[in-house]
Amino acid sequence: MSDHVYKVIEVVGSSTKSVEDGIENAIARANETIENVEWFKTEEVRGSVMKGKVAYYQVVLKVGFRLN
Amino acid sequence: MSDHVYKVIEVVGSSTKSVEDGIENAIARANETIENVEWFKTEEVRGSVMKGKVAYYQVVLKVGFRLN
Amino acid sequence: MSDHVYKVIEVVGSSTKSVEDGIENAIARANETIENVEWFKTEEVRGSVMKGKVAYYQVVLKVGFRLN
Amino acid sequence: MSDHVYKVIEVVGSSTKSVEDGIENAIARANETIENVEWFKTEEVRGSVMKGKVAYYQVVLKVGFRLN
Amino acid sequence: MSDHVYKVIEVVGSSTKSVEDGIENAIARANETIENVEWFKTEEVRGSVMKGKVAYYQVVLKVGFRLN
Amino acid sequence: MSDHVYKVIEVVGSSTKSVEDGIENAIARANETIENVEWFKTEEVRGSVMKGKVAYYQVVLKVGFRLN
Amino acid sequence: MSDHVYKVIEVVGSSTKSVEDGIENAIARANETIENVEWFKTEEVRGSVMKGKVAYYQVVLKVGFRLN
Amino acid sequence: MSDHVYKVIEVVGSSTKSVEDGIENAIARANETIENVEWFKTEEVRGSVMKGKVAYYQVVLKVGFRLN
Amino acid sequence: MSDHVYKVIEVVGSSTKSVEDGIENAIARANETIENVEWFKTEEVRGSVMKGKVAYYQVVLKVGFRLN
Amino acid sequence: MSDHVYKVIEVVGSSTKSVEDGIENAIARANETIENVEWFKTEEVRGSVMKGKVAYYQVVLKVGFRLN
Amino acid sequence: MSDHVYKVIEVVGSSTKSVEDGIENAIARANETIENVEWFKTEEVRGSVMKGKVAYYQVVLKVGFRLN
Amino acid sequence: MSDHVYKVIEVVGSSTKSVEDGIENAIARANETIENVEWFKTEEVRGSVMKGKVAYYQVVLKVGFRLN
């Protein structure tokens, strides 16, 4: 197990609801095309504002997955 | 549109409830005195603790708005 | 009051639910063995993924408490 | 002269042409409403892309000016 | 629109002429194989020197594109 | 108290005497035009040199104040 | 040669033996599916511990390769 | 001597007088309960403001000591 | 398992031989007084020089362990 | 070739025209007194402002050269 | 004046008295062998501890001087 | 001893064998022309790749020496 190699990609998930929802959206999308997603790390939390309210959160993530 | 100039200010929103609520509070307050708020970026999430619980979250934000 | 000395420790709280819940778990645990916990600062939000969903959030915190 | 106080603001200039033009746009706009602008520092160079070309550069600047 | 997911890749563009030209080269090349490129962010500007002159600029970029 | 919003500005204080004096100068000046200044954070300590001696210290500060 | 474009990916190599071995493992694996790998940069050296010994090193790398 | 292991803790010293005095307060307090304190490194200089003056400096330090 | 809390300490291991040996020394020492050490992260690799050779490596580590 | 040692110095080039011109000025000057200059890396782009225009750009560079 | 080139060196000044005194010591020493020293920037403030007191401060500085 | 001044230079050592060997090469070379080299700090570990293997490691170091 110790000689596994992982790849890390950067994705941005967005959500009108919450930071956690933005993370889930990004990971669900990454999971559609890659296998063995194992972890994530939040790089940045930003967002868009309209009429004095958060329109949506944008969460920049590093996502790591094991290469076969 | 490409020659717009934006200003970025730093504000700290606080909330007893959640990180997202602290962000909304800061943006709502900024929106009272400035126009065209368009985006935010989270710089730091910190908070105050009382009796072993989070008393309130403090979210340091950069907030960007378009200058007319 | 101005000559108080504080100590800052680093802890990692985890939660299946939310970032805020991971913060609360870490602070509650720190509060079991140390007194006068006064503030925290989030250093990193990461997590574990299983089957395309967040299995749990891991929130790395600095936690500050006043030394008597 | 040594006891002067300066203020530093953050602005974002954009330009369809070049990084330098984005800097000039931001400084010209800042100069409309503040006096004694003396220096700038580039914080970030980013931009928008359309059809495989840079649509416009966005240059995030710190701009310093002397307070009277 | 708020639930879009973006991917961010890192590329290095080079040019004998200017920083902007290095950025354009990198984006044009990225655009050949990926769709919906929307933004870039400059990470580093470096270069090679020969006989006391810049031989070419190397611009390290993050490039973001929307996933369908 | 937990829902207060703070604003953070960046100022540079200078002094021929000491780092602390540069901080005091910057805060005294900020206090002339804004209310409720509550904290500061040092971002950078630099200075000017003449004839092999420090001519003046320049202290870059973030200064936070509570919005009413 | 000066107008080449490079892509940079992030991989994590692990090894029970040494940091260098973790780097070699990551590069060998990257080399299986991509051509023209030319350089790497170490981002982070971490590892897993069991019974008071390093079980394996994990080396996070940026790996750069030339695009044709 | 070369195989010594050191531990590094983080403390915050405060003082109404100066940065140096805040450092000395933090180290004196650390020295009450730990042995072999050998070095410190300043992480952050911040402070509290009252009526337009520094009420007290807070100096965040890493403090290193040799383990027996 | 997801609600575990971890503590992270900072230690400096030294070795006349190699970076890896410095890491092992630090972890072995940490393991003498704490249980459940699970991971480490290298913060800094520095060292002492004598007569143009490395006298010993000093590796600054974060070491994480699970709290019961 | 693999056992070459390089030295890296820090220089600041200035120009009234452009960032690239500031880089060329710094490298040309470094080349007058050192041999084998091979690469540069931009550390900071700042500048001086007069009457609402950039008076000159200042580009802080690391410049690397091979030692014989 | 705008086409001047500056060189920046890194020095460490120490003092048993204060941070400012360490800065002055470093600059005075640099001034012995180089001309046109114009500015400094503090990179790090650290120090040595003996018997629970600061034995001496070590201030890491960047020092800039104009090349003729 | 506390009023010594040190200078810090940046060098890059390379080696086909290991990170430690790259460090030794850089320090040995620095030692040829400067006296009193006392410490080093690793800034970056990178390298060149050929045919899927590390061709050589390049270790960027800060090297400190005492000025007489």
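When the chains are written out, they are named A, B, C, D, E, F, G, H, I, J, K and L in that same order, and each has its own residue count from 1.
Assume a contact is a pair of C-beta atoms (placed from the backbone, for glycine too) under 8 Å apart; a residue touches a chain by one contact, two chains touch by 3 or more.
Keep in mind the model is a prediction, meaning the values are calculated, not measured.
Path length between subunit E and subunit H in the touching-chain graph (shortest route): 3. For the pair subunit G and subunit H, the distance between C-alpha centroids works out to 38 Å.
For this pair, subunit J with subunit L, the centres built from the Cα atoms lie 22 Å apart. Centroids built from CA atoms put subunit H at 31 Å from subunit B.
The set of subunit C residues that touch two or more partner chains comprises 9-10, 18-19, 30, 48. Applying the touch criterion to all chain pairs gives A-B, A-C, A-E, A-G, B-C, B-D, B-F, C-H, C-I, D-E, D-F, D-J, E-G, E-J, F-H, F-K, G-I, G-L, H-I, H-K, I-L, J-K, J-L, K-L. Of all the residues in subunit G, the ones that touch subunit I in their complex are 18-19, 44-49, 51-54, 57.
Those residues of subunit G that touch subunit A in the shared complex are 9-16, 25-26, 29-30, 48, 55-56, 60. Contacts from subunit F toward subunit H in the complex involve residues 18-20, 23-24, 27-28, 30-32, 37-42, 63.
Listing the residues of subunit H that touch subunit I in their complex gives 2-10, 62, 64, 67.
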